[in-house]
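Please find the structures below.
After this come two complexes, each holding chain A, first together with chain B and then together with chain C.
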Partner chain A sequence: MKVIDANGIHYQQLNALIKQTAASGEDDIRVLNVRGQRYIGDGMRGDATITVEGVPGNDMAAFMDGPTIVVKGNAQDAVGNTMNEGKVMIHGHAGDTVGYAMRGGTIFIRDDVGYRVGIHMKEYEDKVPAIVIGGKAGDFFGEYMAGGILILLGMGLYPDEPIVGNYCGTGMHGGVIYIRGQVDKYRLGKEADVRPIDDKDQKVLGMYVEQFADHFGYDAEDILSGTFTKLIPFGKRPYGKLYS
Partner chain B sequence: MLREKYERVPSGCAVSGILDRSGRRFSGNDIIQSIALMRERSNGLGGGFAAYGIYPEYRDHYAFHMFYDDEQAREISERFLNEHFNIAEAGPIPTKKVSWIINEPMIWRYFVLPKEEKLTSSGLLSDEFVAQCVINLNKRIDGAFVVSSGKNMGAFKGVGYPEDIGEFYQLYNYEGYMWTAHGRFPTNTPGWWGGAHPFTLLDLSVVHNGELSSYGTNRRYLNEFGYECTMQTDTEVAAYLLDLFTRRQGMPLEIACKIMAPPMWDEIERMPDDERTLYTALRTVYGKALMNGPFSIIAAFNSGMVALNDRIKLRPLVAAEKGNVLYVSSEESAIIEICPKPDKIWTPRGGEPVIGMLEEVKA
Partner chain C sequence: MISYVLPEFLVMRDENRCIQCQVCVRQCANDVHYLDEKDGKVKADDAKCVNCQRCVTFCPTHALTIIPNPQEFKANANWTKKAITEVQKQAESGAVILTSMGNPQEYPIYWDKIVLNASQVTNPSIDPLREPMELKTYLGRKPDKLEFDEKGRLITKLTPQLVLNVPIMFSAMSFGSISLNACESLARAATELGIYYNTGEGGLHSSLYRYGKNTIAQVASGRFGVHANYLNAGAALEIKIGQGAKPGIGGHLPGEKVGAEVSATRMIPEGSDAISPAPHHDIYSIEDLRQLIYALKEATNYTKPVSVKIAAVHNVAAIASGIARAGADIIAIDGFRGGTGAAPLRIRDNVGIPIEMAIAAVDTRLKEEGIRHQVSVVAAGSIRNSADIIKAIALGADAVYIATSALIAIGCHMCQKCNTGKCNWGIATQDPQLVKRLNPNIGARRLVNLVTAWEHEIKEMLGGMGINSIESLRGNREMLRGVGLTQKELDILGIKAAGE
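And now, the complex of A and B:
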């Protein structure tokens, strides 16, 4: 295990240190006192585990291609931007645009997320990215989603507190969104279609919720016992005729 | 000061604000540390601070902070000030040489009260009299710029990174109960000293991250009420809209925010009857005051502050509380930097104002 103290270090120096450490073969890297340093884990390959204590800055795990990042706290905006492979676990909340254009790997967030989470996620053959969120999400959840899996669990909500904001699935043309419980129709974008859960969905939910419960100390069966709303796009090409 | 022909702030930028609701005063160190953490959001072309409660010895005087290009601008401005005000104290604002800060204008400060006979002959209340003097000074006197004009507060700004601007003005030597800060990232034009944030009128100050695409509409609306937008920047309209609604028209702050960032029409449709009537009326009557485009702003005034996002949250905003202290910032880390364990930390929804008022005001 290698410990890096990020206190007062500029992000360029910090990220160079993390990359050097991983390149030297160290696979357990602890980064302490992180406060706002951007781009942690960006573009990194391999299978190191980076544990972040503090609040990492924007674009953490962007273009990441393999490693695991565990955040012992909250994260900011654009976690997993265009991420390709690997795993992110956030023991707290995260900001806007988590998983922006994400292409692979998984992100687990214990609490709430901000706006535009999963925007433009995509998938190709066996590369199917997934984001699992324990709390609630803001507006534009899954906006322009082109592939991948979004799972929203809505735990710890106040009575009548909405699990998701407005414009959910707006412009969606691929992938699938699972939301625990019911979602008011008016919160859905025009392109999102509500479908019943089938056996295949149950399997997918089971697999990801078990991992989520495992990471954050929940009971998977409890979570899975609730009903889920499934959203998929009405058509593959909602704007296909826009300019024809 | 060279004024830009056309100025926009399309992206980037950092904002931060701290209010101790109990009125306890603290030095500028915290706000400098908070805004400095977000250095990546600025590019050195503008930084600034608004500080409240810093002039208790002159709490009833209007504190004019001025930029001058040259002695001539100062002489003409001082003639204007002497004609309209009794000046209790005047002098340069102390600054410190900081290597990154260059081409600074002459920076002066005046503690003034409007002359009784001027108030009588103008028939104006003193706040309105001062506001009109500020607009006149900015419009009529070449090379002079009113940085701030409120009571017991002041704006400190310039071209540079905000932490260097804080050092330049030695803000650690001041104590206030509320501070706001801005780090600027103008991408289309050079920065100039007057164009740095905050923008102010009387005790109202605004720092802003974003771009108001409704600027033209808002500006024409404000013209109807006698506001002249002379800074050629979008942020100015946010300051004047708040001044119009809260000071001149006496509107509650919450309502002013709901005019500037109103609910969507389909949301209004789903409201209970009385709310629907209210919001329909607000959007109908004040449609031209709707601020469109991405923004997060922090507006401050002697009695408190409000942080507000555009309705679809195209700019970041985080809020936190610890005891009596309210924090708002572009990034969570900039709050944690100065308050490691807040009681509560949250991200407000788009269009949902975060309002903090001094306890003595609420009581």
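And now, the complex of A and C:
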């Protein structure tokens, strides 16, 4: 294990240090006193585990291609931006645009997320990215989604507090969104179709929820005992008739 | 519903010349020509013709001519044939009219209202046939000052630069909008010429990674095919914010163009629409742009210059200043004549400003702010010949992007139907039968020929002005004069009127 103290270090220096450490063969890197430094894990390959103590800045795990990042705290915007492979676990909240155009790997967030989460996520053959969120999500959840899996668990909500904001799944043309409980129809984009959960969905949910529960100390069965709403796109060509 | 839309073109077949060989039938992907079984004669359905001239070129007896349909409506300066036809089309389809290539409307072409200087008597012109002429161009941020140690060695750390043998690059065209053979033609030509081509937003096909040294890899709002290998494959990265043909809107590659190869390169399922949102959803401000610029620099360990491409719009100078301050190494500005594989007609024909005005305004503004050296400026959006390039550089550009002229070089006949995917020249199509009509060896040869010819013309024009280095022309507006322009236009272009 190698410990890096991020106290007072500019992100360029910090990230160079993390990359050097990983390149030297160290696969357990702990970064302490992180206070908003951006781009941690950006473009990194390999299979190192980076544990971040503090609050990492924007674009953490952007373009990341393999490593695991564990954040012991909240994260800011654009976690896993265009991420290709690897795993991110956030023991707290995350900001806007988590997993924008994400292509692969998984992101687990214990609490809530902001706007535009999972926007334009993709998938190709067996490369299917997934984001599991313990709390609630803001507007434009899964907007323009082209593939992948979004799971929203809605734990810790106040009574009658909405689990998701407006325009959920607007422009969706691929992938699947699972939301625990019911979602008011008016919150959905017109490209998102509500479908019943089948056995295959149960399996997918079971697999991701178990991992989520493992990481954050929840009871998976408890979470899975609730009902889920499944959203898939009406078609993979939402705007096919708009142009001629 | 009977269509009221008249055929745009008529196919004229000289029956005395036609030998009924059916080459035209086989060449036309629009199914215009057909053999009439009843009388054994080749005939044509004019309504399907797009005037791409594939049949005209391949007819062995030159029996074919395509002419505009001479049928006119009652004369009306306001309700022109075009205006009426467009209403008819939309009344039948209920859809946004889609079109391709650059804005063809009759706006002023400022290139044609600017003339160049030449030496007479008081300073000698230079003959490029007997004297060296430097066209080498470096794109990227330049240092504020250079520092040396006591032994005269440079200690200033230089930022990465693109090195161009000629100040010309092939502009972004994605694999998907154009064929793999078209991409390969551009890549090979760029390699041979010592310049760069740009992947566009469709990722990089696995067979094209070997041209990485001469590749600019684009990152657009859909982030198609963007991953660590892709980011590291090219010599530079380009964030696409906007495009001259469709400022302010995203792009939809229709599902029918997303076959197996495009699907694998973009990493989306076959037959799915490839939708690029209008904005990057991680960029809602100049500060956010800076965030993505540095995310890309971090991902590539500061080894590659990052370009930001925008459409030329009203406040382009202020926007460019923001982009420079956001840390871009290159700003590419695409004027309203810039081409596209597909754009809504109303947007293409009505949004954006001329590149000539934009380049002059940006260069002036960056100089006024003392930051011109921090960023290179690339002009795009209908560079038709070498004189346009000379004028663009004298107005303040470092280099130009060409795309429409590059496609014309490899066979495009400007029929403006790229969006249909039925390009008979094998360029804007993914149909394997059509794609193989374009041989990348011949495509590359034609592109190398074009740029080589322009290179010599640039040298001759430079020599005529008594200049032996393209560096000395950059922003040198003394070399330009305006003809038939208003004082306001001259002021914006920063040039004098002819005779002054």
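Annotations for the structure displayed:
Just so it is clear, the second predicted complex is superposed on the first by the 244 of 244 C-alpha atoms of A that agree within 3 Å, B and C clash if a C-alpha of one lies under 4 Å from a C-alpha of the other, contacts with A are read in each partner's own complex, and residues count from 1 in each chain.
What we mean here is this: contacts are C-beta pairs under 8 Å (C-beta built on N, C-alpha and C of every residue); 3 or more make two chains touch, one makes a residue touch a chain.
Remember, predicted model here, so these are calculated numbers, not experimental data.
After overlaying the two complexes on the shared chain, residue contacts for A:80 are found with neither chain B nor chain C. When the two complexes are overlaid on their common chain A, residue A:38 makes contact with chain B and with chain C alike.
With both structures placed on the common chain, the touch criterion links A:165 to chain B but leaves chain C unconnected.
Once the two complexes are laid over each other on the shared chain, residue contacts for A:134 go to neither chain B nor chain C.
With both structures placed on the common chain, the touch criterion links A:58 to chain B and to chain C.
Annotation for chain A, partner touching more residues between chain B and chain C: C.
By the touch criterion stated above, A:67 is placed in contact with neither chain B nor chain C. Of the two partner chains, neither chain B nor chain C is touched by A:154.
Touched by chain B in one complex and by chain C in the other are residues 11, 38, 58, 77 of chain A. Of all residues in chain A, those touching chain B in their complex are 11, 35-36, 38, 54-58, 74, 76-77, 93, 95-96, 114-115, 138-140, 165-166, 186.
Of all residues in chain B, only 37-38, 40, 264, 266-267, 270, 312-313, 316, 318, 331-334, 336-337, 345, 347, 349-350 touch chain A in the complex they form. Taken together, the chain A residues at the contact with chain C in this complex read 11-12, 15-16, 19, 38-39, 42-43, 45, 58-59, 62-63, 65, 77-78, 81-82, 84, 97, 100-101, 103, 116, 119-120, 122-124, 127, 143-144, 146-147, 171, 173-174, 236-244.
On the chain C side of its complex with chain A, the touching residues are 89, 93, 95-98, 221-224, 226-228, 231, 252, 254-255, 263-264, 267-269, 271-273, 275, 277, 281-282, 291-292, 294-295, 298-301, 342, 344, 419.
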